[in-house]
Structure formats: structure tokens, C-alpha cells
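Okay, handing you the structure first.
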Amino acid sequence: MKAGHIEFLVTDLDRAKRFYVDTLGFVATSQDSEHVYLRGLEDRQHHCLTLTSSRAPGVGHFAFRVAEDKDLGAIERLVSAAGAYSRRVAPSEEAGQGEALMVEDMFGFPVEFYARMDAEDWMLQRYDMYRGAKVMRLDHFNIMLPDASSAYSWYVGSLGFGCTETTETEGPNPSLWAAWLRRKHTCHDIALTTGKGPRVHHAGFAVADRGAIMDCADLLASTGYADKMERGPGRHGVSNAFFLYLRDPDGNRLELYTGDYLSADPDWVPIKWKLNDPQRQTFWGAKTPESWFNDAMLVRSPKSGKFQDLRAPSIQDRPDYLLSAH
Amino acid sequence: MKAGHIEFLVTDLDRAKRFYVDTLGFVATSQDSEHVYLRGLEDRQHHCLTLTSSRAPGVGHFAFRVAEDKDLGAIERLVSAAGAYSRRVAPSEEAGQGEALMVEDMFGFPVEFYARMDAEDWMLQRYDMYRGAKVMRLDHFNIMLPDASSAYSWYVGSLGFGCTETTETEGPNPSLWAAWLRRKHTCHDIALTTGKGPRVHHAGFAVADRGAIMDCADLLASTGYADKMERGPGRHGVSNAFFLYLRDPDGNRLELYTGDYLSADPDWVPIKWKLNDPQRQTFWGAKTPESWFNDAMLVRSPKSGKFQDLRAPSIQDRPDYLLSAH
Amino acid sequence: MKAGHIEFLVTDLDRAKRFYVDTLGFVATSQDSEHVYLRGLEDRQHHCLTLTSSRAPGVGHFAFRVAEDKDLGAIERLVSAAGAYSRRVAPSEEAGQGEALMVEDMFGFPVEFYARMDAEDWMLQRYDMYRGAKVMRLDHFNIMLPDASSAYSWYVGSLGFGCTETTETEGPNPSLWAAWLRRKHTCHDIALTTGKGPRVHHAGFAVADRGAIMDCADLLASTGYADKMERGPGRHGVSNAFFLYLRDPDGNRLELYTGDYLSADPDWVPIKWKLNDPQRQTFWGAKTPESWFNDAMLVRSPKSGKFQDLRAPSIQDRPDYLLSAH
Amino acid sequence: MKAGHIEFLVTDLDRAKRFYVDTLGFVATSQDSEHVYLRGLEDRQHHCLTLTSSRAPGVGHFAFRVAEDKDLGAIERLVSAAGAYSRRVAPSEEAGQGEALMVEDMFGFPVEFYARMDAEDWMLQRYDMYRGAKVMRLDHFNIMLPDASSAYSWYVGSLGFGCTETTETEGPNPSLWAAWLRRKHTCHDIALTTGKGPRVHHAGFAVADRGAIMDCADLLASTGYADKMERGPGRHGVSNAFFLYLRDPDGNRLELYTGDYLSADPDWVPIKWKLNDPQRQTFWGAKTPESWFNDAMLVRSPKSGKFQDLRAPSIQDRPDYLLSAH
């Protein structure tokens, strides 16, 4: 149905809470000694972001919500047929969540599927709770891996995602370089990007409007977090969204995101972009910093509990203007 | 899949075009001597609003998009089983549209279903085309009828809509007074309201943000249309959207609408409101004008071609404070 | 130089502080058992609004800042020549303020003039302090009195204010009905309006932009203050400002105000409006509520310490459409 | 009284008109074969920007408005006493302008002073005329010269400007590096910056709010002008304004500017910044591009009609992080 939640690993839970709750304004639903469970102002569910205490930063898992518990079995069979690993997660093994399926997919990503989550109070009209970036909800994941085409087949062919936009390499025989895929009726629930992987590049969180992003930039600059703004504010070519990329105190990356489009049409033809198009990443033409292509979050294997090793792609992992900068 | 398009009957096509295209900034896809076909900046489809020349204002029909042509047959059988009227509409009988099913439902409404529509250029990133209210797309229909409960059963029980919010009458035995129903992942595609009917109360069009609505109010006031702003700008309690209601030069009503929420959760529990809650209609507490309860658009019967006769509801059609005003 | 500060009389200091500080976000500079001294985020001065504990609501005094202490003597002589009352106020007799001149002018208003005030920390770039309406500073006073023309002569002829806009009555022999006068380079520091007086109609406080006003309306609606929004949000014809009028828990009236213009041109020709012009008060055409013409704040005499008696104007005190409503 | 107007030299008048009028939305008051006279939506004066056809880009002159014609004589005497050049400009020698004084000051800048200018229709409430950046009016000039301290003495000591903010070099014996000076009640009418000069760094134009700047960035990106956005959008530390710097098709630089503060207090103590403070230029911490320190507009001598030769400053002309980049 939608991108459901993500688990960020943080090395200092208190410091992370100051950033996410006190500054960005996420709503804290519950916490224990190892975790803080956060939701957005619009969420009626227990959490969309979990902060988990860890020796190193990264991503524990990300999760999609499915319509019914019986869909877990169907996905289990697909995963098994594809030769990948999965295990059942008992209800409440993850706080607030019903039964789930934890998968280590063929690309090495820790992906959870679940149908039920505890309902929580809606803060959408509690404007007295609005603070910081006024985060509404999780919007999407952006993952980085050496072979975007294989992941495209898995998500679109097997899991039934729709494709809204793509980026291809230049030249006469273009390869798929990135794809924006959706279940809910927005631009995307997950984006697949070519790069050293498996890594999670960022999680995107929806905010109310451009003003919320501007206000948040002012607030971060006033509270000692100016250096946490990595890219933006600006307008994306892909997705048309208005954005600001942040790094949390551990370096985990999140996006404040608003202003994409409705994608409910059944016959949507993907919008195609070329990798070197200067307006693809930032519609206003500003160059993307190198860190955006170098840095991404390691992912923890559900099987081993260790961070996954990285493999490099066989095609270029960034536009020409950054390649030639070296 | 979603609210697809609506046909407004206008008595002066040129005057209507000046209002919708020159002032509000709808994109004109095509026109002939009797019709102007309009779309929003975000639409990739031929039209979301048709202006049709007519001796009297009102609504010709409103339409939902379905996923596939074969869904038309399924709906045809449901309609027939319910004892209502339908007929097939040939491809291109309505400009830009594939095969369709025109229904006169049990409540007297002219409702069309269709799966295919011609693709048109996307204006979303043609910011040089942005004018007026910067209308993005159609969002929803709001219809008025004597028996909202029966219509609720038809839409939710038979057609598979989800319910996001409801309004009930006061007292120990409350009746359903209004319901907000959705197919796409927003607050609603159609709202059912108790009142003299069958009538269409308004069509809601999505705009980018609050600023677009404020700018449009300034523009309307500068161009002789100040008296066309009937209600707002303001914030709804129901839907949480920011709104401005307009009457076109023929008196047809439309809403500029932004800022509702994502409703992709499969287990969404409807938000319940009471009819007399002063924050239900306008969250800021401003009273709704009487014209909002008195006026709505007549609908034309697909069978007879004439406007449908009206029947009054058996329960009150407005909050107590407006009843007692008489 | 500018409208400097105003003293609101409140019957419950704690309740008023919850409204002005906790909700609207004024910055509290200091307080004692009888007073709370407030400033805006942009203010570098001790206070622009004083809340004073009192048995009845109203206005204690309003004050203009002059360039130098010696200007107090010049005003003293003007006041004396006009046969009005004044007395010197010792430094710190009003907290944070240098020497001042308290005047009861010929119209009965308590007007203070002062040149020096203690400097306070600037919160303009402390975005972590931004809350509520994000009030930046005091902008203007709007006073109501039976004879606007005489007050016009005093402010423009004797005190050297410039006139930016006026409203005249209808008909062949129009009278001055209202005037907007300025010292600083904005639309106004004081507006003179015809009505039962002497009363202060409202104090206007500048906010950053329209978004701040919308956000404040949402917040007030979430915190039980929906009924404190008396008029707006909307756009003024006069001043072109975007506004929201509030009543505090005692009924004192303030305006949140943004988006007027620079008036630094030495040869500014006043903009003229007619009293019945429907776009004069609200550019979008919405009718102003009757309470706006009926209610205003009583003023306390600096001489007697009692509220001033009221006299009615000889010309109409509101547009025709409200006269005929009776 | 205020920064009045500026003359930009352009090599292709039609191309410049497409940029300033068709895209940015300046209002064209009049034109002849060599000039186009532009004003903002809020201006009631003939022009605030003149485009003059020229073989090379740069600045013809910039101008301050004074209160009365007799002030021209006073300035003439000051200029003469300082050993600089001036000549009278006859009424209408510059279109729409009364008598003026053209000065070549001691620093080589072409500065005009004038008291009267033809009044033009006010477009502030003609929202149907709002386009592009919705430029309201000229706000300030930013000039670059080797010796900011001397210019500070001239403007503050002789011409009576107030100082709102300064930047000093680092170290135990700091020098004045830049100053923001004002006549009208805003942050500044002119800023003095250390660098190779005499050059004009940019002219700042006031817009309504942040949204206008964002909308303009989208529009520029849609109309082939993405590469004309040199810096921003962002928030300044100095002035607190929200900004976007543009280069016109000739490379002349202008700033879209909104959100500074009122500076009407007579006892304003200048805000002090240090040159290397990373939040001074962009409050959000983004580094300023090198072109911002390298490029500025040449100025034409009123005496010789040729561009002035440049001299380098004796102190550093940019922050350390850009010095060390070489």
C-alpha cells in the first residue's frame, strides 16, 4: 500500500531525539532504552521512523505496509522463489506492529512487510503541536545499488509497483540509471539509484508546504545545525518536489519533501530524464554536491545482524560533470 | 480509481472561458462550438472540466475513472441489478475519451465511468503557464441528496469506496448526515451531503498551496470578480483542507482546495463529526453563509435530457444555528 | 519617529499572558505584579505592548517615539498652546523608558511621547523563539473619535505626520471620514476613524507574511480561541495589508498585519476611498461585521484616571449597508 | 530620502526587455530607442530601473531621492568642498525626472540626486498585472570599492545616512570591511563592500514575500534562464532578508530581496559581524560562490563618459575560506 516506516541506527539516542523531536518536530509515540518511535503530524499509526541505539549509524530496515495479513504469505512465497531470505516477525516484536515479514532481498536490503499497526491520536489539527519542519508523514525511501534494472524488475514485475519516472544514461544504448516507483498515489514510495550498494541513500518525509521547509532552514541555522543542511532548499526536476536534504548528527540522511503530484491514473507513462540533464536533480540548475553521490547509509543484514558489504556498479554512478571533476 | 472530470453547463461560453481560462488559469486542451475542454497544470489527461453551452446552468454529468475497460461491464451489471439506467458511450463521443458507461443512478445523478482518455502534455514544470489559481487537477465532487445513507451504501458497499470522514446529526439516535468517500489516496473523491436533491453542490479543484488561493483572491478582486467569492478563504475542519469557494458567472460552484492528507492506510477508521460542531465546516469558527445550504447545481438526466426534479430530505439540511435564523 | 507602544488594560494578567505570550508568541521582557512588558521578535526596545492589571479592559495610553529628548519640550509647548493637558513622566516611571511626556489631547486621548527606551536582545534571528503569530513589532494605532477632521489638523498640521490614504463620505459635499497618517515609512502609525469616542479601535502588530497569519489562525482554532477571531483573514483595500483581527480574552482588539508598502516619497499624494466602496475595508469584498463598528476600547484619562466619556459623531459612523441593516 | 533608481547598461535592449519585463514582471512606464524606463508594482514614480542601450554592460548611474529641490544645492556644496565633480541635470533631461545633480564622487561613482519625479499609476492593487518576481520597488544599491571606511565617512558623516550593520575583518586590529547604510526605514539604501572598485556589485529589488522568490526561480528555470540564478534562494545573516541573486543576459547583477526589518529607532546600534562568520552571508551556512567576489558592474564616469579604472583594496576582499581555495 505504501512506504510504511524506516529504522535509523544512531550512536547517541538522546542527541538524536533532540534533533528529531525537539528540533524537527517529530511526534514521539513511545520509547524504551534502545528505541524511540516517532510519527508525523498526519500519521494515525504508531511510527514511521524508529531511532535505534547502535554502535554505528545506518539503516536497520525499511518497511512497506500491505493491505492484509494474508499478503505476507504471498510475498513470502515470491521471496522464497527468488532465493532470498525471509522470516516472520511476531506481533509486537516491533513495538506497535502486527505480524510482519522480514526479508533480506536479492540485493541485500533489509525490507519488512506488515499489515497492521496500532492506531494513535491524529495530530493533524493539533496545530499547537506543530514545530520545526512540521513533518506530516513518511513519503519514500531512496536506495542505492549496483544494478537498478534488476531491482526494477523485482519491484515492478513481482511486487506490483508502478513506475512514474526514470533516469537513463546518455548515449545510443542507454541503461536504466534510476527509477521512481509507487504504490500509493504520489510520485514514489521507493526510488532505485545506481551506486555502490546496497545502501539507503535517504528517507523522504512529507511536509505541508515550501514555507515549512524555509522555516525549518531558519530554525536549524538558529540552533547550531546549519552544517546539517547538505543540499537545498530547491526544486527537483524529477518529482517536481520542493526539497531540503539534512544529515542527522550521525550522518544519516533525510529529505524534507513537498509538492509532488497525484499518480492515480492507471495508464501513467513514465517521465524520462537523462543522467546529465542539469535540471534533473535541481530544476533551478544548481549543481548537486559530491557528498550526495559519495555518502549513503549502510544497511544491516536481517540474517547476520552485520552491515552488508558493498559492491560497485558497472556503469557510472554520477553525472559527467562530477566524474570529470576528479 | 479517482474522480475524473465534470461537465458544467454554462449559458455564455465566451464569458465562462474568460473566467476559467483567462482568470483562473485552467489549461484549454480543445474546444468546439458547444464545448471547451479544460485540464489542470498537473493533468496528463485531455480534460477534467468541460464547459458546455446550455440554456441554463447546472451539471451535465460527473465521471469516475476506472482501471480498465472491463470494469465498465462490472459496473453495468451492478447498476442494472440496482434497477438503474445506463448506456454505453462510444469512444470519442465525448472528446478525448475512450469507451464509457453513462449511468443515471438510483438517486438521479448522471455519473459516467471510463477507463481511457487521451494523454496531453504535462504543464507541471511549465511554470510560465502558471496563472490565476494555478489549478493542478480535479480533486472531488460534493453532491447533495435527500438520503445520504442509501448513497453511502451504494458507493461503499457496491462500488468499493473507502470512507474517511462522516458527519452525523445530533441527539441520541444520530443519522448519517454526510460522508467523505475516496478511491484515490486523498481525503475524498466524492462527498455525500443531506439536502434537497439530486444536486451537485460543488466540484473541488486541487491547487498547489495556500499562497495560490490567496493570490487568486487578490486577482479576482482586481478583475471584477470579488462578488464571485462566496466563502473563505479558510480552513476546513472536515478534510483539514484550506479552501475558497467560488461561483462562476452562471452561479456554478467550485472549490479551490489544498492541504488535505494521505489516506492510503488500509485500516483507516473514519473521523466523526457532529452537525452542529462550529469547527466542522470552518475550523476557524466562521459561520457558513446561508447560500451554501440553499444553492446547488441542478443535474441533467442522461435518460430525458431534462433537469431532475428535487426532493427534500426528511432530516434537517443544515446546522441548528441556521435553522433558528428563520 | 514611529508608533512606539501601547498599554492594554486586562482584568486577569495570567489569562492575558497565556494569550499574548504562550499563544501569540510575544516576547516577555519583564514583569511585576501589575504589569507584563512585551516586545516583538524584531524589537530592540524594552516593550511595544504593556499588559496592565485593571478592574476593566481598555487602553491606558498609547505612545509615539520621538528623535530626541528635546522634542518633548516642543510637543509640550504645542499641547499647552492648544489648551490641552500634559505632564512629565520621570525616567523609569514606566519600566525601561527614559523621560516622557504624557498628554491628554484635545480629543481626550492619553498619548505619551518619549525618546529613549532600554535596548533588549534582538530575537529576529533566534528562529527557535518564533511561536504563534510570530509578531515582529507594533505597527500602528487606530483611534475612533467624533471629529476626524480636527484630529487630522493636529497630527498633520502640528505634529508633522504625513497622510497616505483617506476615506470620505459619499455625496456632493464629502467629509473626511478617516485618515491614515505616518511618521515611519509605512502606510501608517495612526489611523483616525469617525465614531463614538474617544476610543481606541485597535492596535496593529506587524507579522512576517501571510503564512504567519494563516498559521496563527490554525493555532488559535486548536487552542480554544476560535471565537477570538473577529474578522479575516483577508486583504484590506486601504493599506493593501493582509490582516486578521483578534479580540483578547478581555475584548481588547488587535490586528495582525502584513504587506503594506513603503511611503518614503516626499511628494506622496494620498489615496482616496469612498466610505461605501465595498473593497475599501476588505479588498475581496467580504462585509465587515457590525461588532467592528460598535466595539472599541475605552481610554483612561491621564488627568482623572477614569475612563473618558463618549460623544457621538455628527456624521454616519459606518457604511450605508450597515446603517440600513437596522 | 531613499535609493531612487539605477541605470543598467545593456547591449541588446530587446533581449533585456524580455528578461526584465516579460519574465521578471517589471512595469514598463515608457521607452525610446535608447532606453526603457521600468518601475515596480508598488512604485508611484516614473522609474526605478532604466535600461540603456550600450556597447558594454555596466552601470550608468545610481540615484538617491532627496526631499526638496533645495537639498540639491546643499549636496552640491558638500561635493565641491570634497573636491569632487558635479553638474546640474535639467528637468526631463532624464525622462520623467525633475532637476537633478549628477555627481562623480571621490570614489569614482556616478551618483545622481533628485527631488521630483513624475507620478504614475499605482499597480499595487492591480493583481492582474502581477507577473514573474512581482517586483515591488527598488530597495538598495551594493557598491564595491577599495576603501569602505572613507565612503562610510562620506555617507554617514556628510550625507546623514544611518548605519544598521557592519562587517569587520578578523584579528586584533579589525578594519571596517562593509557597512549597511540607510535613509529610509529599512535595513539599507546602500551597502559599501571592500573590493576592486569603483564597481556596483548589485541592485536589490524588494518583492512581496518568500513565495514570490520561489515562484520566480521556478519560472526562470522554465524559460531558459536557469543559469541566470547565481546564488540562493537563501536567508542572509546580514539584513535577515530572504534573497535570490540573478545575472541579467548581459551579466548585470540584481537581487530579489524580502524580509528585512524596520530601522526607525533613532538610537539604533549597528549589528556587528565578522568577515569569516559562515552565517554572515548565508544564514543557513551555504558557501558563497567565487563569482560573487570576482564579478561586479563597471561604472561609467559622468565626466568622461568612459568606464572607471579599477583599484584593488589593501585588505582582503573575501573571507579566508575563498582565499585559501587558490
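The chains carry the letters A, B, C and D, assigned in the order they are written, with residues numbered from 1 in each.
One rule holds in what follows: contacts are C-beta pairs under 8 Å (C-beta built on N, C-alpha and C of every residue); 3 or more make two chains touch, one makes a residue touch a chain.
Model, not experiment: these values are computed from the prediction.
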Selected pair, greater C-beta contact count between B-D and A-D: A-D
Approximate Å spacing (C-alpha centroids) for the pair subunit C, subunit D: 34
Distance between the centres, which are taken as Cα means, of subunit D and subunit B, whole angstrom: 50
Mean-CA-position distance for subunit D and subunit A (Å): 43
In subunit B, residues with contacts to at least two other chains: 125, 210-211, 218, 221, 283
Pairwise touch network: line, ring, star, complete, or other: complete
Residue ranges of subunit C touching subunit B (in the complex, touch as defined): 210-211, 214, 217-218, 220-221, 226-227, 229, 233, 235, 242, 278-279, 283-286
Footprint of subunit C on subunit D - complex, ascending: 1-2, 42, 44-45, 65-68, 115-116, 119, 122, 124-125, 136-137, 183-186, 206, 208-211, 237, 240, 259, 261-262, 264-269, 271, 283
Subunit D contact footprint on subunit B (complex, rising order): 125-128, 130, 211, 215, 218-219, 221-223
